[in-house]
Structure formats: structure tokens, C-alpha cells
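Dropping a structure here in C-alpha cells format, bear with me for questions.
Going in written order, the chains are labelled A, B, C and D, and every chain counts its residues from 1.
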Amino acid sequence: MCGIAGVWNVQDAFSVLHDLLLGLQHRGQESAGIVLNNFRVLKGRGLVEQVLTEENWLESERGIGHVRYSTAGSLEEIQPLVAFTKKGKIAIAHNGTIPDAEAWIRSLQERGAVFQSTLDSEIFLHLISMSSGDEKEAIVEALKRVKAAYSLVVLHEGFLAAARDPYGIRPLFYGKYRGGFVVASEDSALKAIGVEEIKEVPRGSVVFFEEGEEVVEFEKREERFCSFEFIYFARPDSSFLGENVHKARCKMGEELFAENPIEADLVIPVLDSGLSGALGFSRASGIPLDVGLMRNRYMGRSFIMPVNREKIVKKKLVPIGDVIKGKRVVVIDDSIVRGTTMSIIVNILREAGAKEVHVGIHSPPVRYPCYYGIDTARKQELVASEKDVEEVKRLVNADSLFYLSLEGLKRAIGRSELCVACFNGEYPHLK
Amino acid sequence: MCGIAGVWNVQDAFSVLHDLLLGLQHRGQESAGIVLNNFRVLKGRGLVEQVLTEENWLESERGIGHVRYSTAGSLEEIQPLVAFTKKGKIAIAHNGTIPDAEAWIRSLQERGAVFQSTLDSEIFLHLISMSSGDEKEAIVEALKRVKAAYSLVVLHEGFLAAARDPYGIRPLFYGKYRGGFVVASEDSALKAIGVEEIKEVPRGSVVFFEEGEEVVEFEKREERFCSFEFIYFARPDSSFLGENVHKARCKMGEELFAENPIEADLVIPVLDSGLSGALGFSRASGIPLDVGLMRNRYMGRSFIMPVNREKIVKKKLVPIGDVIKGKRVVVIDDSIVRGTTMSIIVNILREAGAKEVHVGIHSPPVRYPCYYGIDTARKQELVASEKDVEEVKRLVNADSLFYLSLEGLKRAIGRSELCVACFNGEYPHLK
Amino acid sequence: MCGIAGVWNVQDAFSVLHDLLLGLQHRGQESAGIVLNNFRVLKGRGLVEQVLTEENWLESERGIGHVRYSTAGSLEEIQPLVAFTKKGKIAIAHNGTIPDAEAWIRSLQERGAVFQSTLDSEIFLHLISMSSGDEKEAIVEALKRVKAAYSLVVLHEGFLAAARDPYGIRPLFYGKYRGGFVVASEDSALKAIGVEEIKEVPRGSVVFFEEGEEVVEFEKREERFCSFEFIYFARPDSSFLGENVHKARCKMGEELFAENPIEADLVIPVLDSGLSGALGFSRASGIPLDVGLMRNRYMGRSFIMPVNREKIVKKKLVPIGDVIKGKRVVVIDDSIVRGTTMSIIVNILREAGAKEVHVGIHSPPVRYPCYYGIDTARKQELVASEKDVEEVKRLVNADSLFYLSLEGLKRAIGRSELCVACFNGEYPHLK
Amino acid sequence: MCGIAGVWNVQDAFSVLHDLLLGLQHRGQESAGIVLNNFRVLKGRGLVEQVLTEENWLESERGIGHVRYSTAGSLEEIQPLVAFTKKGKIAIAHNGTIPDAEAWIRSLQERGAVFQSTLDSEIFLHLISMSSGDEKEAIVEALKRVKAAYSLVVLHEGFLAAARDPYGIRPLFYGKYRGGFVVASEDSALKAIGVEEIKEVPRGSVVFFEEGEEVVEFEKREERFCSFEFIYFARPDSSFLGENVHKARCKMGEELFAENPIEADLVIPVLDSGLSGALGFSRASGIPLDVGLMRNRYMGRSFIMPVNREKIVKKKLVPIGDVIKGKRVVVIDDSIVRGTTMSIIVNILREAGAKEVHVGIHSPPVRYPCYYGIDTARKQELVASEKDVEEVKRLVNADSLFYLSLEGLKRAIGRSELCVACFNGEYPHLK
């Protein structure tokens, strides 16, 4: 779970990267980093506004950046990575994972490679460094060899490159901006700074930005865009494959009701992620939406010792008893991963006086781990991988539990060329 | 705009104060402070979780705390204030303002008083110190003398006191907790830590907590609870005068439509404050609610220089074009103070393709400054003090603009014994 | 143990105060604070350079400042103190202590005074506030009433005042500077910024700085300047009563040998405080000086747990075995307070191979506590208050131990009108 | 200018590394870093006590560490460096420089190496990674290939290695400690933690620590230990080649007078580095030593804008006029590099009233840059490389200036197998 950005030949690249990464902050809040021209590096733990502060400002016209969700890792593990190679100075920022990273690392080490982080992203650096041809050919060759889901930006002294994997699993967009170019994981981040014409980096292609843009296709497979970006991960105002995320989530809610007509008094979203789906569910069902669970926005973490998950969730999600009391409520959320949070939510609602608590999830059960960069969980932690819907219902103590079907999901998004491996185990790269 | 809290004879008062102030954080985010037994002080700029950190934890059974909205002031200006007087050691935390503070300060100085802050709250300390009688009598005497809107907690070595002004303008609640007592500005903060039976500090009374609780009435006037707490300031899950805030705001939205029936395609809340009202407006009108303006939650402040207000608002409130395009939208917000933000919002919506933009405000025009602790603005800054509705409509560039009437507001809250001085200029303390 | 400074009508008072306090840093390293014109306050824990940083810089022409040695106390306890009184806004910085502070505080509280710190310095504020007459008369009246050892700077909107107690126990100097005036605890701090003509604030007088300087004598007693400033506390390049501190310490070393002729191979100073005395001792005796104990300047505190005093001293004072081995050494230090450090030093030298270890102290045994601001220790902690020289010798495990006599001390300083209460218990203010 | 340390199989390696690096802090104050077992990394800017804080403490039994003097560079540039290679996980800390680093880097890049820092120390990592044989053979092979001055510690999962270059230019010592082994740049750091038997890592050898110690010689040349460690860089209580540094400096002072008999009233050391030499000069000449220039130990940097070098030096070195006035003084310092500081010092002394100022330097003129890790300066900045002694004398405005001869230096140290390339340009590795 990461966001990446790039800037080429734009005045004050630092501030532009700041704004792009701010627009991608929902993709990673644990660390932020940028590399500017002359390969000056600025990295730190925390939010964009804590790392890219005014006092750290540097004059710059080019650069790449990265925001990351990751609780572990020293500063060396924060991207972008910088390398001094025979192809020149190179910096990369990478969103995605390489499923067979371990084998790659071992094979490169056998050839003498010195890895200086535990990031599989570093594999790209060594492949580029060891490839023949000029620096662009080396990048294309490296991309051809790695079978993975990724979006990638590469800063070279002579150009900026932006690439997506052959299936187009992870997103990446670009556009012209103030005489140069900008690149970002989501189009909303580009829109927010005023980019007017936004293009998708085509899957299996790398776009080189110099004076102009040059698209080089290296290997194209059938489209398999990540459905979880639509369901949960992306910003509501982003669009992928031409479909707006918020609207797709609303339709997921509508489809969810169509597949699961239910009687209730209130639709309650789990804020913030469940709001769009709950709007759709309310509209389709005619059951009024209400804010039965407030979100305390000032909560970093719980305090009273000993800390436990239940207490944290209870402080973040606060019931409004006057809304809930005596009501049959339908709680709408985007997905269930481990099931722990939903158990606590149902419990909160029952304690606040709900007569019945129904749980509607506007995506199918998550049964398989993601090898493409969504950090859901390992298989054994996925509640739906071991338990059927009835068992999960009992676990979370709901009066009823219903998911959206895979077909319903595709109908809602309006596209079917999606990666849905976490739901059905069909991994594109293993086909 | 402040929140106050108190703890008496409860194990780990530090953590309880932390949790109470966290629950009151929406009342003030600029500074936080606590005073514990033995009058140890912990103060700092920033959020509760930044000031009351685990490493600053102290064993304690008693204490008072304060969160404050204020951009200016040195550390001396952060409450609670501590004083060593002939009545013993005293700490106070105060929510509210004293309209004639300047005269009081001058009069007390004449008697030799040494003021060490610019807070009018310090007046209480000097009055208590100079009053005759024992420490409780001195507090009662001091409260009798100050004509103001306030909630106050006072920590003494022998007791905790909680007081409200004669009109009950500012809120204060208390309850039994783990063998002792807890006090907070809103009942929701008490509920959140598990207090079961919650009482209001009666207006014009001080409650002394020692072994038990003792209510001493010093001067009771007609009830005049602050209507702005209902409209904007308080947490949705709080209740005042027995009425839930979120439900009251929903009803304000309903009343707003009843008074201003309008045709439109979408109701769009200005998140987060406008959501409850928009829900009510949507319900009453049948016009579907949608999230046309997202809120970027990672924005601290804008960056690209020079900073201007429009850019900041534009980064915080992001339109979803697919939702808005070609639609007649009604934006619902709780109030308009200066009008600047609403102008920008209307502009954002038009740029995103809205066909018509109607603005509905679920409270009356704010025409008069508040002398009771709501930092609205000085009179000349209040857009409605100089301009009529038509002029404000033109200023914000809306297709139409409509407010809720004072009667509608009272109907929505379900009570009429409110302070509505900011709307009609009738200040309770001047009657 | 504090240092104070003042600036009146000098461009960039902030930077001048920074430089003056930096020059007084040896008088207090735990906290620093300044108050500038308009009574803006800047305080913090740590060194001058950590508190008065460039980013905190403020334009200013006037101000007072304070550095303090004190491990306890919240930010409220950091001087200067600011007060809003009927005499106007007042800030004070105080070096010294008030022996009967408790009685003063109780008496002022009885009159209604609200104390907001535990500093006895606050007494001056209340006395000034409660005094009759104009602001200058009030200051003079307050100074007359307090029987104490002090140096004091007072900033008022209309003037700066600098005062010393009737016995002149604590130091204070001033001079003209860039069209205005500067004040500091030691003349060396003034010299360092380039002040050419430096005057002492006369004992029992207050100097008011407005357009010019006006000296007002309020009560003059016989001179009793603190001898410990000469022995240990002041900077070597400072002068008091016209005598240079470093030269006085050298002479103490010379007198020490004259009174205690001894045979040895090496004179070893306890760095840094013992260096001047050791130079004198070496010169008078002809015994060569050598650096047998280095000082590790990077030591903040010991680390390996559990921390103990011996380990800390051993890391700070490192023996050079090649220098010491097989030698009869005389260690010279300025004073012995508790005796613990000297025990460890003797032990270090013996372990490093010294044949004999003799300890020479260039001041008399400290037998009585100081009530005038030198934080030596309470009486029972003073090793010499309970033990005679022979017993102390055995305690520190020295082959011999010898002190300078009181007469020798006076001869070395060249003056006899000194406060030597810590040596003979004759406290000037009790005469 | 760096210090390195290693710990193998000792309880609480973190605290031991802390103490060793603290003992080496004079070798580098800009950054500190350690790598512990499991290759956990802790790095930061600042002093050891600021980076290796208690809150960062980690349980550990093995590790290596580094302190560095360097004002530039991002966190990636702080040693130790960690690498994941086919030889396993490796961390290195390096003191020294590689004269032909650029050629090495280019050659390794040609073979595909990805450099991730600008440190020449990284060359060792790539050489080890690309070498054949097992991990120990790879280290030996890498050391054989690099012609440079270095001390090196290498942490591997299976062993700790400590190596010195074939000429033994940079120092490195080790000893048994609490059942394991400890390594450090200077013996004094080992002595300080209580190591009893201390050995030198033989030049041209690597010592592997596993259960026991195994010394492997890879290439031995004639001894050429850095004379500048004796003159300036090392701690006075350290010993090299069996000679104590402080005593050697004293003898340099004695030899300096022997070569330059002069008449004067006072010998004044430039504290702290000139003290030992001044002691020797004073002893040999009979001219009394005095502290004519105090050092202000609280100075970080100057403040009053604009900052200039003269103002900084003037705040750090404060004259004691009473000592200097009317006297013929000999200032003793260890070396002159650029000449700027000495100009200011002479100026300070003249302003303070010195009748004559003679400058004695207890080493020969520094005429050639050091390629072995002492960051003196580039050739054109070395005042003595372009100017003869008479010209330098005039530049610093001294009445006379005299250096120690190369022969005098060797006599003082008592050894002649030294690297003196900075004085005579004869670089060992070019022979």
C-alpha cells in the first residue's frame, strides 16, 4: 500500500511533490520520501506535512516521491531508493510487490549484488544496473524480466520514467503541467493541483519524459486492474478505467441491496470507508441513512493501559444512542478482513440499544491473500478463508450478514477486466 | 472555545483526564493542560495526545484539565492556572469569557493584585484569594460577583468544585466514576469513559466534591443555554437540556426545508459540520444526499507559496465531478460567519460542473458578536451584520441562499430557553 | 546559582541578551529565559543556544534575561517573571535567595496575594504591586523591605532597573552600549560584547536606566561580597572589587603552598575548576604541573545501568597512567562539599599507580550552608560540618589533606570585606 | 576523521558500544551509528548521547559502531553500512579513505554494482560481495585489493572482523571483555570500560573473532603510523606504538623549546589541544605557564548576525587581560592549517595588552594534503604549502613564529616509523 509521484521540469518540484503526495496520503501514512534533482534525498517517518516541511524546502525542478504504509523498517527502508550505477544516478519509487522477490534477490546476490535494504523494490535497481544497452534500454529490459504487479517511477539525470506492469494491476497517471510533466498513482492527485488532461500510463508500458513524452510498450497482457482500489483503497474522487470510485461504491451499495433485500429502520455507514456504499444502499432500499456511529477524529491511539483493540475501536467509533435506540439497523462497510473490528462495531450498536444489527459488506468475502501490494493479511488471518458466511455472521454476532457477489461487484464497477484474486484466488501472474 | 474536565478520587486521574479531554478535543485543538494533585502541572501546545503522552504520565487521583482553541499566547496563557493563596493552593480551568474583564482587572490591580497572564480567567483566582470566609465560601463569593458566561472547575487540596453561570450559558456535566467523581463540558465525554448516570451542574450553582457531592446555588436566573453549541460547536452525540445534538441538527435541516421548499437534484453536506443538517434536509425534501465534496483529512495547512485561503479550502474540500456535473445542488452548512469559505465552496462546485448551486444554512444569520466564549468574530467581520440575505447570496455567488428562522431553530431544538444573542443581539447579562 | 542580564535601548536586544546570557552560562545551565519589550516571553529548559535560537528571534530594543541552575520546576518556575500590576507591566530576573521567604509569602497571601510560582523572587513582584508611590518608588520601597542577598533586574515599560542588596553579596555590573545600556552579573560578559567602561551597581542601590542612568541608594551596609564567587563560581576572566578571579585563584594556590609546604613529584588540577589554583601551587612550590586527569567533554551522563556516581565521575575524569604511575601527586581543587567526588578522584589516581596522593583545597572547609544563593548543600551534607580535617582525610583516603585558611583566602583575594559565612557561619544579614 | 568500535558476544552490546563510542567521540561529533546483531540499525546526527539514547536501547550481544566528523551528507551517508550479499549479511564501519576510490567505484559499477551512498567505504562491501571463497576469504581478498589507509570492523552473522591496512596508518585495538571481545580505534576507549589486556590489530592483518580470536595476515609493509594522531587527533590518555600521546605532546613542547630557545614572560596554551605541548615548553624553558586564553565551553556557534569566523573564535577564546597585559607571551598550539584561527588569536592577545606575541607550533608546517583520512584541507588551503615560515609569521601578525622540525617530532614521539606525508609529501602507498 503505497503512493508514488514524479515531477519533470516543473518550477519548484519540491512543492509540487508535496502537493501530489498529500493527495496520495491515504495510500500510506507511515513514511514519506522524495528525491530531487542532483539526487538530494529527504525522507522521514510520518505524514507528508511532517516530512516535507517548509524548513526542508529545496529548489528543484525534478523529482520523485513515495508515501508508504508500513509500521516496521528503519530509514533505509523508506523509498525512493537512490543508486549510483554505470547507467548513471538512478532513483526509484515503487508501488506494488514482487511475488518471487526472494528468488530474484538470491539470483542477483549470486552475481555479486550488494542489497542494502529488505525492499523488493531494490531488485529493479540491480536489474537496471546489470542490464546491457543504454539507461533506457536497461529499464525496459529490467521491467520485462520482473513478473509482478507494480507502478514505478524512475528518476535519471536525463529523464523521468513511469511504468506499469503488463496487467495494469496498480494505477499510474500522468499529465502536462506548467511546461513539464507530473505523474501520480491516482488521477485525483493530479486534478487537485490543476492538471487538465490526464492520461493513464498504459499497462505493460513505460513512459519516458524528456523534452516530450515517449511511450514504450514492453509487454502487454489482458487488463486486470485491482478491484480493491475501487472497493476501499482509492480516494472517492479518483477514477480508474474511466469509472469514478465514489460512484462505483454507491453502486456497490445499490447492488448489495438488490442481491440482499432486507427490512430495517436505518442504514448506518462505518465512517469513512462505508459512507459511499451506505448512500447507495439507502437509496436503493429507501431505508433512511443516519449517522449512528460518529468517528472521533482526534484519536491517534488509545491510552488507558492496558491498550486493547476493543478499547481503541470504541474510542474511534462512538454511537449516538438517540439515533440507534430501538432500531433495526443495517451497518454498511466496504469489506471484512479479520472480522475483529466488525465484532466490536456490532457490540457497540447493541450496547447503544439497537434492536437488530444487520451487516452489509459491499464486496465479496476476502478469501485469498494479495501478492500485488494490498496488505490485507496472511491467508490464515482472513476470517472468510476458513469460515463460511454463516460462521462469520455468528462470529461478529450479527442478526444477519450479507456480502456482494463477484458478479454484483463487476456490475457495480461497470467493468469486468479486474483483478479479483483476493476473492477467487485467480492470480493473473500465475496464468 | 474551550473544553474543561475534572477528576476527583479516581485511580489514575492522568489517564482519565486524558480520555475526557480527548472526548472534548473538538472544543479546542491548540493547547492542552492539566493540573494533578500536589499541583503538578503539564501543559503544551497541540493535541491532547501530543501533550498528555505516556512518557509524561504521573500517578494521580485528582486533577483538572483544559483544551483550548487559541492561536496566540505563550505557555503562561495555557490553562489550568495555578495559584498559591491564603485559601491554599488552587487551580482553575475556565470555559467562557468575562465581558467586563478589563474593569475587573483594573480594580483588582488597584488592590495590589499581580496578574501573571492576560487571561480573564485569572480574575477568579484573585477574587477567591481576596474573598473572606473559608475556601469554599470564597469561591461562592467570587462566583456571585462576576457577571459572565462560564463553566469552571476549581481544584483545591481539599475538594474539587464545578460551577456554571446563573444563566447556564456554557455546559458542564458530572457523574460518579470508579468510587469518585468526573466532570466534563459535554456528557458525551463522560459517556465515552463509561459514566452511567450523568447530571448537569445546575446553572448558578457550584458543586463541591469531597466524600460526596454538595450543590450550592449562588444565583439562579432564567435558563439561556448557548444555541450555538447545538448548531455547530458540540459533538453530535452530546445532549443538552435533554436533547441530542445530532438529532437537533437533523431537525434543523428538516425545518430548513419546511421553511424553504426548493427543487434540486442533490443535497451536498459541507463535511463534517453540515452532515447532520443535510441528512435532515434530504429526508424532509426527498432530494437525495450525496458526497459531492470530499474532505482531505491529511491537510494541516497549504504549502505552495504564497499561501492563500482559497487554496487551503480547495485542498481540504475536493469536489467529485462525476457526482456534481450537470446537477442542481443544495449545499448545506451549519452557519456562515465571514462568508469567505462559502464563496470558495460555491466556486468549487461551479467549476466542477454544477448547473445550479443553492446554499442552505440551518441556523439564522449571525449578526452579533458573542461575549460568552464562542469566538465567532468581531461585528464588522460578520458578513450578515452589514449585508442582508440577498447581498450575502450575491457575495457567495449562489443561485439562492436561505437561512433557518429563529423560530425554526427553536422548534428544531425543541426548547426555547436559549441564548440566541448572536442572532438577535439580546444578551442575557445585559437584561 | 543564577545569572541575570538586562538591555535598554540597544538595537537587537534579543541578540545582545543572547550574548550576555551566553557569557553567564556557567552560572546556570538548566534553563534560560528572556522578556523583551511589549513583555513577550521566551523560556525553555536547556542552554542559552537551545532556547534563544534564531527561529525564536524577535525584534526588540529592551529586555531582561536569566539563566538558572535548577533541576526541578515546571516552565512557570523559569525566570524572568512577568506581572501586570497597577504599577504597569513589570518583569524581574533575580539572582539570590530570600532567607525568610516563607514568612513573606504568608504575609502577602494574607493580604490577598495570588502566588503563581514557588520562586521567592515572586515576593518582589507583590511587594512592588502593593507599595505606594509611583513605579520607581514602589521598587525602592520593596527593596528596602526585603532583607536578602540579591541582584535584580526589573523591566518596566518606562525604564530598566538594576539593584544589589545592602551588603553587595551578589554581583551586578553595567555599562553604556551602542547608545543604550547593558547589565550583567559579571563584568566579563559585558567585556565580551565590547563594553568599554564597566561600573558596578553599588551595594544597597538601584540604578534606573531611562535616557541616562540614575543611582538611588536605598540602604547601604558594610561590603560583604561572596567569597565563593572568587573561589569557584565566577568566570576566571571576571573581576570583582577590582580583583581578577583567575589571578585570585592562582594566589589561593600560592598561599595554599605557603601554609602547607609539601614535597611531591606532580601537581594535578581537577579540571576545569582546579586549574588556576594548581598553577599557583605549582609556581609557588616548584613542583611541576601535569595533566594527570583528563576531562571527557562529551559526557552528559553515564549510561550502563545501574548508573552510580562513581561511574559517572570515572567517565568524566580519566587518568593518564603514564603521567601518574609511581609518582607522589598533589591534587588541587577549589573546594570539597560532600567529599564524594574527591574520594573517587583519589581512588582513580591510586588505581592509575600514584605512589602518594595528597589533596590540596584552595579554600577553607565549607561548614555552613549558604542562604544567599549558592546551592552548596544542607548542613548535614557538608562533610566538613561534622568531620574535622583528619576525618575528612581518612574519608577521601588521601595521604594528606590540607585547606587554605580564612586569612590565606583573604590575602589571596587581596580584600577582606567578604561574605565568608559558609566557612565561619557569620551571616551578614543576621548581624 | 572517524572512530570505530566492535563488540562480540558481550552482554548488552548496545551499552558497551555506547561507552566505546563515547570514548571515541573526539574523533567525530557530527553523526553516530551502530548495527547490532540481527542487523538492526540505529543512526543519527549528533553526539553519541543524542543518538544512542536509553529509549532506543535494544537487547544485543554483538555489534559495530561509528562516529564521524562530517558536516554534509544525508542519513544514508552515516556508517555503519549494511549489505545483504551472497556472503550473508554484512555490516562495516570504516576509518580512513581510499585514495583511488573513484576508479574503484567506476570499475565495480561496470560489473553491475549498485552504489547507494557516496562513501568510499562502500567499495569494501562490493569487493567482498564479488569475491570468491567463503565470507572470511572474501574479506581477506577484498582487503588485499584495496590500497588504502584504513581501520575496519566487519560484522557478519558468524563473526566479527577487525582489520588494519598494510602500513598500519590508522589505529585499531582489541581485547577480551566479559567473556567476549571488544574493538576500538584507541586503547583509551577500551581502558575506560575496564579492558585489562589490550592488543593492537597488527598492520596488514585481519583479526576474526568467533569463539576465540584468529589473526590472518594478508599483506604487511613497513610501519607508517599516522603522526597526526600523536600531534592532535587522539585522546591524551591513548597510546600508540607503546607511547603515551600526552607525554609525546609534552616532549614535542620540550623539543620545540630546545630547537627554538626564546625569552618570554608567559607560556599560553591554546586550549584544549595546545595544553600538553605548552606544559612541555614551559618545563623546558622555565617560562611560567598561565591561562591567558579561557575557553567558553557553552559556545555552539555565534549568533549576532552576520556570523563571521572572527566573532566565533573571539567568543570561544576569551583573554584574561590581567594575565596578559604588558607581557611577552608565547602561544603554543599543536598545528597551523589555514592560519585564520591563529591570526585571530594573536589579534586577541594584542588587544588584551600583550607586549609581544610569539607563536610556537609543536609540529612541522603542514604542506601536503592527507589522503588517509585526516581532513586537514586541500593543498591550496594549507597556508604552509604556499608560504614560507616568515610569510606565515607576517600573516598571523606574530613577533616570531617557530615550528618543530620533523626530526624533533620523531624524537619527541620516540619512534620514526611514522607517516609524515602531510609534512614532507612522502605518501607510503605511492612508494
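The criterion applied here is as follows: a residue touches a chain if its C-beta (ideal position, glycine included) is under 8 Å from a C-beta of that chain, and two chains touch if they have at least 3 such contacts.
Predicted model, so just to flag it, every value in this text is computed and none were measured.
Path length between chain A and chain C in the touching-chain graph (shortest route): 2.
Contact tally for C-D versus B-C: the pair with more C-beta pairs in contact is C-D.
Chain C and chain D have centres, each the mean of its CA atoms, that are 37 Å apart.
Put simply, the C-alpha centre of chain B and that of chain C have 49 angstrom between them. The touching residues of chain B, when paired with chain C in their complex, are 40-41, 43, 74-76, 81-86, 105-106, 109-116, 118, 122, 125-126, 129-130. Only residues 12, 15-16, 18-19, 22-23, 25-26, 29, 47-49, 52, 54, 188, 192, 235-237, 239, 244, 246-247, 250, 272, 275-276, 279, 283, 288-291, 294, 296-301, 303-305, 315, 318-323 of chain B touch chain A when the two sit together in their complex.
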